[in-house]
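Order as written gives the chain letters A, B, C and D; numbering starts at 1 within each chain.
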Amino acid sequence: MNIQLSSTSYGKSAVRVMKLNKHANWHEIKEVDICTLFEGAFEEAHTDGDNSNVLPTDTQKNTVYALAKDHPLQTIEDFGLHLAKHFLDGNPQIHKVRIELLQKQWAQIMDDGKPHPKAYQRAGNEKWTAVIEMTADKTTVQSGISDLLILKTTDSGFSNFKRDEFTTLKDTEDRIFATNLAAHWHYVGTDLDFVTLRKTIQSTLLSAFANHKSLSVQHTLYAMGKQVLETVEQVQKIDIDMPNKHHLLVNLEPFNLPNHNEIFVVTDEPYGVIRGALERS
Amino acid sequence: MNIQLSSTSYGKSAVRVMKLNKHANWHEIKEVDICTLFEGAFEEAHTDGDNSNVLPTDTQKNTVYALAKDHPLQTIEDFGLHLAKHFLDGNPQIHKVRIELLQKQWAQIMDDGKPHPKAYQRAGNEKWTAVIEMTADKTTVQSGISDLLILKTTDSGFSNFKRDEFTTLKDTEDRIFATNLAAHWHYVGTDLDFVTLRKTIQSTLLSAFANHKSLSVQHTLYAMGKQVLETVEQVQKIDIDMPNKHHLLVNLEPFNLPNHNEIFVVTDEPYGVIRGALERS
Amino acid sequence: MNIQLSSTSYGKSAVRVMKLNKHANWHEIKEVDICTLFEGAFEEAHTDGDNSNVLPTDTQKNTVYALAKDHPLQTIEDFGLHLAKHFLDGNPQIHKVRIELLQKQWAQIMDDGKPHPKAYQRAGNEKWTAVIEMTADKTTVQSGISDLLILKTTDSGFSNFKRDEFTTLKDTEDRIFATNLAAHWHYVGTDLDFVTLRKTIQSTLLSAFANHKSLSVQHTLYAMGKQVLETVEQVQKIDIDMPNKHHLLVNLEPFNLPNHNEIFVVTDEPYGVIRGALERS
Amino acid sequence: MNIQLSSTSYGKSAVRVMKLNKHANWHEIKEVDICTLFEGAFEEAHTDGDNSNVLPTDTQKNTVYALAKDHPLQTIEDFGLHLAKHFLDGNPQIHKVRIELLQKQWAQIMDDGKPHPKAYQRAGNEKWTAVIEMTADKTTVQSGISDLLILKTTDSGFSNFKRDEFTTLKDTEDRIFATNLAAHWHYVGTDLDFVTLRKTIQSTLLSAFANHKSLSVQHTLYAMGKQVLETVEQVQKIDIDMPNKHHLLVNLEPFNLPNHNEIFVVTDEPYGVIRGALERS
């Protein structure tokens, strides 16, 4: 018998950075959680405990903070590219660097009708994400959004589906459609205006969701992905994960009350899983 | 030896309600999690297993949904009062009803520059809360806010504190001040305009936080509570919990880099606990 | 109008300690999360930003680690008493110290049929807790257990309960009874054998739960508390919180299958809240 | 431009099942969370809203409960295979079924020195997992364990690693090594004694962890995987994920106290990521 190490990776996760830029009239903040991951010539670390190729995960953490000092951190995509290049350039033993970044949202506190220049509150639960992968030959940038809870109150049905002996669900022409959207898209190229692209893609996803006449979650997922590919030529592929967060109509008949889509139980479990990827060819 | 049942309560928690009101041009949603709790003549249920006085927690849940049908649910305070009265009126064995309500925030999706009438996204992580307590003699309304993550980038110091042999902390005149605010306030009376009051109190808390020259978390907590009591005469008492979410300055000296309050580690543990209650007399 | 600071407390939470005692033939570990809280003469810290009475929460954290160095940490109760006395003795401005401790459970890994002397795995999800409160005049010790998920498959019913117009629940003589037990008990005195007492109380709670012919959660809660008070004279009072974690019988009738208490849906929400305190007099 | 749907899947997640088997002298329980996922001819559901091929996720949930009724559920692997075959046989439109199963651990309550036949407590936080993938041509079974928190107090070092300008970590010959183990292994074949195999693999992993002279997490991960492959010929491949849960030595020097690996801060963030896969060839 022969035993092979078929794949390995290592790095540091949950490196939490806040950068404060003090401008003349306001203070800007960026909060990003970062994970660094390396693949490469690490076989002897595993087989023999030879650490001479292993740049410590503690050093990776230090590097994130040190490089954040001199980088403007205006987009997680650009900072991820900067980090990846630093690690790859300085470490011939690393064949592939992967940087995962997650940005949390802050908004200026409204005070007396205008945004306060130096005080913030968390803005929404959604996260902006990016994944950079870099080898000597190739660099890819993937951006995304996660934990974006959205809901539409109408224009959503599900009917004429396949039935079998265990089917009890009834057709519906009108239901609440709620999902915790996660989407990530793969860019063509790396030298891009990530601020504008993200803004366009996110508003396209939301608009397509809000306005679609939905015959199923699958149907709306496709419409959203298609709209992004048609609108933003720099996107080669988009992956969308739209769990169906069921809002169950409460049966009020025992109490002689009608319920015309008015009162719902909000549930977390179980939930429908709906995933799809759309690609231009 | 004599054994006494010195206190009891029972009820149903995590009753999750969504109410959808279909107006002519838009759909309004309210999402509320509710807990009902009863105290009363339940000794024999405990000692003898005699359930004749025990209105099931399942019935409590049904009641929440049934009463939500015909109530506008414009404020959690008014709906909580309605629920409490229903339970107390129909159940002489109940001496005290406590209703806890927690409202999650939704905002209309912006589509083509204006709010979409029938599509929503989660707005912030903060929750609006209310607690109603009702007996035959007395009703109290407490409202609050929780999980409101706020941060100010300046005007925050901590110095000239007490020192002992285990003190290593240094004085600071400038630090990030971040907290996950929870506050609840006790109203005088129950027939109030809860919408306007909440709006005023919440903006007062935020404004006081943003503008205070803070010498400590305690100092700012007091300023915030005082401002609320001075602004809103219907508030008798306010409890504020402001955990100090430490943002630690990264030591970049080993890398010959300065760090003038620019790069911070965001931490969850450990955290400072700072709590205070202010009352008018 | 006069504004009063009616109560305050401050301290440090989530101070996570692991102590490793290296014995001749084995290594012993203790993992404890600690929260320190002070009440006292802190009015001027709030009103004027005068920190001269404020021992920093950072110092409190340092103190926990420094005192853990020379204390055997055999019980969280004894270590909590030691910490409380240290803070109270050295700080006349503190009127009351509260120390909350939570111990996580580890068991030696079984290797080749016997416990390995230097390797451990997490043992259960339950936590052992203690709360020490100390003033110049009085010291109290409260011990407890939390997050102890327990379940009995039989000897549990709920019937002959009060009904109203919103009651749809049916009587049942046989159901799964599952709860996430949290209990804490108040000792008479502070110089006690906390190891033996805890062991006896915990096994008494479990045995009473397992063997009770339950007519309701309330009925079993009382039987458990009563058994503890009858067995352990050092306990003055016990508080028990037994949420009813509903296991719902699945309706298999549409598929022509019987379901004699065989197949259940495990649910987290909503859940019944059942709380009670028993005291000796 | 042409837009393609490059991949899709859908199903139901968090289907939570408890099965109670009433034997003559004791009651046996199995608690399993299940996720069903389908790939297949679902393009028109996405592009046209044609649901005629879509077996509802609600039906998938019903099927899980109905099939659990007549299956002994002795192993999650066998039940997963049974579910996968049911879905694939009845649905020509499905090309691939994936069933994910996660079993939570229960142990009989010890009462008067022996296990109670009808009362249980949660046993550990670890989960037993399985993933079944089935197409017309091929079936694979992957089993695993997750959330197994383990720790060794000695025989762990990390030294002679690569250094750069951002390295501050010092060599250590003796540290606490703690990890939250997740491992999954791929079986050769599907008609196996899953009970015995799991038992052997899990005890092999634990024993290798406990006894290894570790020069790094990578080094121990490899030793554990190698031991499994050498011991259990039915395993073709094993993936191991061993996050380094750092236990940081507290600096007690400012207080003139030594700290010879006695007092540690337990941390969750940041953490080292260490992953590897070993395969026989």
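The criterion applied here is as follows: a residue touches a chain if its C-beta (ideal position, glycine included) is under 8 Å from a C-beta of that chain, and two chains touch if they have at least 3 such contacts.
No experiment lies behind these values; they were computed from the predicted model shown.
Trainee: Weigh C-D against A-D on C-beta contact pairs and write down the one with more.
Mentor: If we tally the C-beta pairs in contact for C-D and A-D, the bigger total goes to A-D.
Trainee: Hey, which one of A-C, A-B or B-C is the same interface as B-D, over half the contact pairs lining up?
Mentor: A-C
Trainee: Could you put a whole-Å number on the gap between the CA centroids of chain C and chain D?
Mentor: About 29 Å, centre to centre.
Trainee: Taking the mean of the CA coordinates per chain, how far is chain A from chain D in Å?
Mentor: Centres of chain A and chain D (C-alpha means) sit 24 Å apart.
Trainee: Could you list the positions in chain B whose residues touch two or more of the other chains?
Mentor: Correct list: 16, 62, 66, 166, 168, 254-255, 267-269.
Trainee: Can you name the residues of chain B that touch chain A in the complex?
Mentor: 16-22, 27, 29, 31, 62, 65-66, 68-70, 106, 109-112, 116, 118-126, 148-155, 176, 203, 206-207, 209-211, 247, 250, 252, 254-255, 257, 259, 261-267
Trainee: Which chain C residues qualify as touching chain A in the complex?
Mentor: That would be residues 165-166, 168, 254-255, 267-269 of chain C.
Trainee: Hey, which residues of chain C end up touching chain B in the complex?
Mentor: 1-16, 35, 37, 42, 45-59, 61-63, 66, 90-91, 93, 158-164, 166-169, 214-219, 221-222, 226, 229-230, 237, 243-244, 268-281
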